[in-house]
Amino acid sequence: MDILPQLILNSLIAGSIYAILALGFNLIFSTVNFFDLSYGAVAVIGAYAVFYFSKLLGWPLFVAVPLGVLISGTIGFLLYTSVYRRLRMRRSSNTVLLVASLGVLTALQALLAIFFSSQFQTLSATSSGERLFSLFSGSITETQVIILLTAVAVLLGLAFVLKLTLFGKAVKAVGDDEEVAKIVGINTDKIIGKVFFIGSAIAGLAAILVGFDTGIEPIMGLPLLLKGVIASIVGGIGNVYGGVAGAFLLGFVENFGIWKISGEWKDAIAFAVLILFLVFRPQGIFKK
Amino acid sequence: MPIIETKHLYKHFDGVRAVDHLSVAFEKGQITSVVGPNGSGKSTLVNLLTGMIPVDGGEIVVAGSVRFTKIKSHEVKDYGITRTFQDVRLFEQMPVLDNVLVVLTERGVFASLFEKHSPYHLEKAEEVLRRVGLWGKRHELALGLSYGQRKLLEIARVLATDADTILLDEPFAGLFPEMLKVVVDICKELKVKGKTLILIEHNMDLIRELSDHIYVLDAGKLLAEGKPQSVLARRDVIEAYLGE
Amino acid sequence: MEDNKPKILSWVILLAVIIVGGFFFARTAKAPEVAGPISLGVILPLTGDGAVYGEPALNVYQLAVDEINKSGGVGGRDLVLVVEDGKCNGKDGANAAQKLVNVDKVQIIIGGICSSESLAAVPIAEAGKVALFSPGASSPDLTGRSPYFFRDYPSDASQGRVLAELAYKKGWRTVAFIQESLDYPLGIFKAFDARFSELGGKTVKEEFPTGASDFRSSIAKLQSQKPDALFVDTQAPAASVRIAKQVKELKWNPPLLVADIVVGDPKTVSENKALFEGAFGAEFGVDPNNPKFQHLLESYKQKYNAELPYQAYGQTEYDALYLVKEGIAAVGLDGQKLAAWSRTIKDWDGASGQVTIEATGDRASGHVLKIVKDGKTELYTE
Amino acid sequence: MPYVIHLLIMVSIYSILALSLNLVVGFTGLVFVAAAAFFGIGAYVTAIVMTSFGFNFFLACIVGALFSALIAFAIGAVLSKFRGDYYTLASVGFNIIIYSVFLNWQTVTRGPLGIPGIPRPSIFGLSFSDNFSFLILASLLVILVFLACRFIEQSSFGRVLRAIREDEKAVSVFGYEVLYFKLATFVVAAAFSAFAGSLYASYITFIDPSTFFVNESIFILAVVILGGLASNRGAVLGAAVLVLLPEALRFVGFPPDIAAQMRQVVYGLLLVILMMYRPQGLMGEYKL
């Protein structure tokens, strides 16, 4: 059997998830310029919200999924107003913000484990019987097709908002220089709040898709975050579209790494890519 | 004899020529000023001379013989060069005294590990801190100082190094008259001691008073040079300054 | 020196923490009592990945203790459990053992469920002359480790061996392994691989780190090597389900071999009928006709309103309490004597069949073959 | 009493870890999240040379420290290129890579099986097999490391480190080769952490990779930040508080399954609150 088509498909699927994660992460980073580690936990909360509504309460998915996305966005927004805004107003260093967001990540993951137990759960209705599609000699499930399409949709949607709306221009202005943006009359606080909401909602969407594809557990926040961060840095931190390129690069390297090396080194490979990029091309594939 | 010379020195940021094939020379024992409007490349020049940013083209010649296109910032001291910073870079969360002691002690990794500051170091620190009137604040953290005091501390740090060539990046900006006088006096004393001073400044009165020679930069290029009185009277210089 | 004040204050706080802590611990420490309830130490994972085994285990222990106490306890004294979370890792296993041995002064500890907990607890139990009795740790490393350690669950060596022999008999010559990087799955692989290569077969293996959720490329890689069967070898059933699902999604239908944690969990098997149909496993002797085992299943259902999961472990956990009861009745509450007594257990009738403890502390006898049929695990006979 | 001794031994081990991490985080100002990697290297090297080659503990300890220093030198050379948040992320990467090596290099480390049966120290017929004598040994090591850290702190070297923490570029203009200072500190800190690893391995007598993952590094970082940045006493205080706190929770009677997660919640919130109200920690002199 030729393994290549399947590997390419797997890389594309993984890359799409990473791309969605990187889009949200990069959007937040390019505006506030600090590494928001709680991003991973915020994402998982959205997936657990869907789990709660659809699996425990039995609500239909077309209600549960948007609700989950909204909840992720809201939590992200609330974290900004309760923690990060205060720290930024105090002119805390990026490191302080990083450590604080690390604390938020740790606490939220543990809270999820208390409420939903640390066990693995899946969002999809049945463990089998999903529709399968064949492409060349590889196969892909319905969920995975949705993942690919969602990644494209999020990318196009975000590009539209950032390029063509007033809000998008304001976001860019804040990211370039917050002080100047303030001076020209932009309500920077409001803009950043919205950015946190949108970025976190995108994160939630990514985690929900992962939940349908493979499953969720409270501690997946850290790996999700790290993949998003690696993709963003490799692609070009602060460059919203660069992250997408980084995500697919990461997806391909990981999956082909499994082929040529071995599966247990997957995480190590991902970080080796990150470190190589930081050393030899710190600005990423695309500069901001 | 020039202590530092640049030959076709070149530096660009994202295609913008910050320093554009600049050839200037700084004479030993003199005060040379570099003036020009904001963004004319003055600070970039100082940063190039002290290895803070890499050179893109041309070369720097020190003491007439040492030529280099690449210098690492930690090697600058070996050429007897030191500097202050436009944005006043102190060691904020360290006491005032430590801010000075750190430029006095051993530079080597092992040597410094087995050394504590000696009475000699302390004496030297006391001397320079008293000179700028900060000895009384030696135990306070640098970040607690007023803007003027911060600038004075930076000057004290430079004095402590005993370097022969001192680059002062806007040393007078934002100082109250009494502090201004201290800094001006120090500049004069340094000249008497035979030190070479390179001054980046906007205060034209002080430049006239202090400088032996001035360079006027505009958009990274040399616009004019010569004695302060004659150069500063030139129409093109005034225009460049007033802009548009 | 005005700036010394906060420093002195902090030193005082530190000292206070140590003194108060010490006092607190010293006060809680108590000498072994001769009357009143008998404390039995318990180490099992209550948090983390291993919690899925720890929670039902605690239920079984409690069930057995209630039964024993209802029927008069041991010599008129009730049994009580002192439970510590070993988290299925060495560090917390050691912490838990330290507390049980030194603070609670128990004479016997039932645990750990995981091999890592047990391995770390052994030297502590030995130093404190406390017997350590594991109903779940299956690592071959524990065989003969200490005179104070014994177990009524057999070593993994036997599970891997039985399955390797089955695979060879089936005519399979290459078996692919997808294995989680943890001690228990690795133990099974090693035993399987040793026996299978001895017979003349070959294994190919892909490992994955705990917490991984996307196995597609590993599976595709194994598939491309054209093995005769696939062994899904994970620490907990959830990961096995994920892998089996992805195998199906890649349109691959190899004969499956699974670990005892899958065939031993009726819930996993029935909920994922389609995934595991026809899968082989080797479970350690669950005999549905054993009256004691039937009694355990019924009482568990009655008490907790759920099917007993991981029945292979449930039976040994249940037996462990009764064995401890007999041991204390026979030689008294003394760790050293209990450990020595354990070696004399021979053909003791329990829920898990006839228990014999060898001189190495291991349980004699091993695993039997099982097959998943129509959402249920059945005994496999050729 | 033996339980108190056990806890004090754990406090000692974490004190050494915190003291050495404090050199990097508190004095040099680099938020390093891979302390567990060097802890692990020390533990693994000690365990391997003691069980496989029959080395004496003290010799094994030194071999572990040398090995750890050697690896720190290589990693430090790469890490020193990064600053701020990138340094932090890259250090997470190294932790995961080293963890992967513990887990996957099974011919040497036995992978997930761990290494059991590590002997207790003994020298000149003097055995440290009972916990009280082990505590004395551990305390001696704490004092040794403490004195070494204080020696570094009070030397000119220590002052340079603090200056590097404040403004790396400015220090270098005054003639310091910053890279060497950072590297030297890093190597020393790694060697000290390895001592803690040796003690741990020999004390617990069993090690497996799970102890040396990123979450352990975050825990050690929390110890340093809580106790106080750039304060050696603070490091010891932080270790005492954070090691004893969860043990106290055992006695309070929290249900054990919630207690462990609650502990994570407490660590996380602690970090957030510290960052918001006391970014220098309890006894620290330096704010991130």
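Residue numbering begins at 1 within each chain, and the chains themselves are lettered A, B, C and D in the order written.
Heads up, the rule we're going with is that a residue touches a chain if its C-beta (ideal position, glycine included) is under 8 Å from a C-beta of that chain, and two chains touch if they have at least 3 such contacts.
As the structure is a prediction and not an experimental result, all values here were calculated from the model.
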Query raised in the report: When you check each chain against chain B and chain D, which touch both of them?
Result: none
Query raised in the report: Chains shared as neighbours by chain C and chain D?
Result: A
Report task. Find me the chain with the mean Cα position closest to the mean of all the protein Cα atoms on display. Result -> D
Query raised in the report: If you take the mean of the Cα atoms for each chain, which one ends up farthest from chain D?
Result: B
Requested in this report: Please compute the C-alpha centroid of chain B, do the same for chain C, then give the distance between them in whole Å.
Outcome: 71
Query raised in the report: In angstrom, rounded to a whole number, how far apart do the mean CA points of chain A and chain C lie?
Result: 37
Query raised in the report: How many angstrom between the C-alpha centroids of chain D and chain A?
Result: 31
Report task. Mind checking the centre-to-centre distance between chain A and chain B? Centres are C-alpha means, answer in whole Å. Result -> 47
Report task. Among the residues of chain C, pick out those that touch two or more other chains and give their numbers. Result -> 47-48, 51, 181, 207, 209
Query - For chain D, residues contacting two or more additional chains - result: 100, 103-104, 261, 287
Report summary line: Full set of chain pairs in contact is A-C, A-D, B-D, C-D
Report task. Enumerate the contact residues on chain A facing chain C in the complex. Result -> 1-3, 6-7, 10-11, 13-14, 113, 117-120, 122, 127-130, 132, 134, 139, 141, 210, 213-215, 217, 219-220, 223, 254-255, 258-259, 262-264, 266-267
**Report entry** Residues of chain D defined as touching chain C within the complex
**Finding:** 1-4, 6-8, 10, 100, 103-104, 106, 111-114, 116-117, 129-131, 204-208, 210-211, 228, 233-234, 236-237, 240-241, 244, 247-248, 250-251, 256-257, 259-261, 282-283
Query raised in the report: Touching chain A in the complex: which residues of chain C?
Result: 47-49, 51-52, 178, 181, 206-209, 211-218, 220-221, 223-224, 226, 236, 238-239, 241-242, 245-246, 248-251, 271-272, 274-275
**Report entry** Residues of chain C defined as touching chain D within the complex
**Finding:** 6-7, 10-11, 13-14, 17-18, 21-22, 24-26, 28-29, 46-48, 51, 55, 83-85, 87, 89-91, 94-95, 98-99, 101-103, 116, 119-120, 122-123, 127-128, 139, 141, 145, 181-183, 185-187, 207, 209
Query - chain D partner contacts - residues on chain B that touch it in the complex - result: 50-52, 72-74, 76-78, 82-83, 85, 89-94, 98, 101-103, 105-107, 109, 112-117, 157, 161
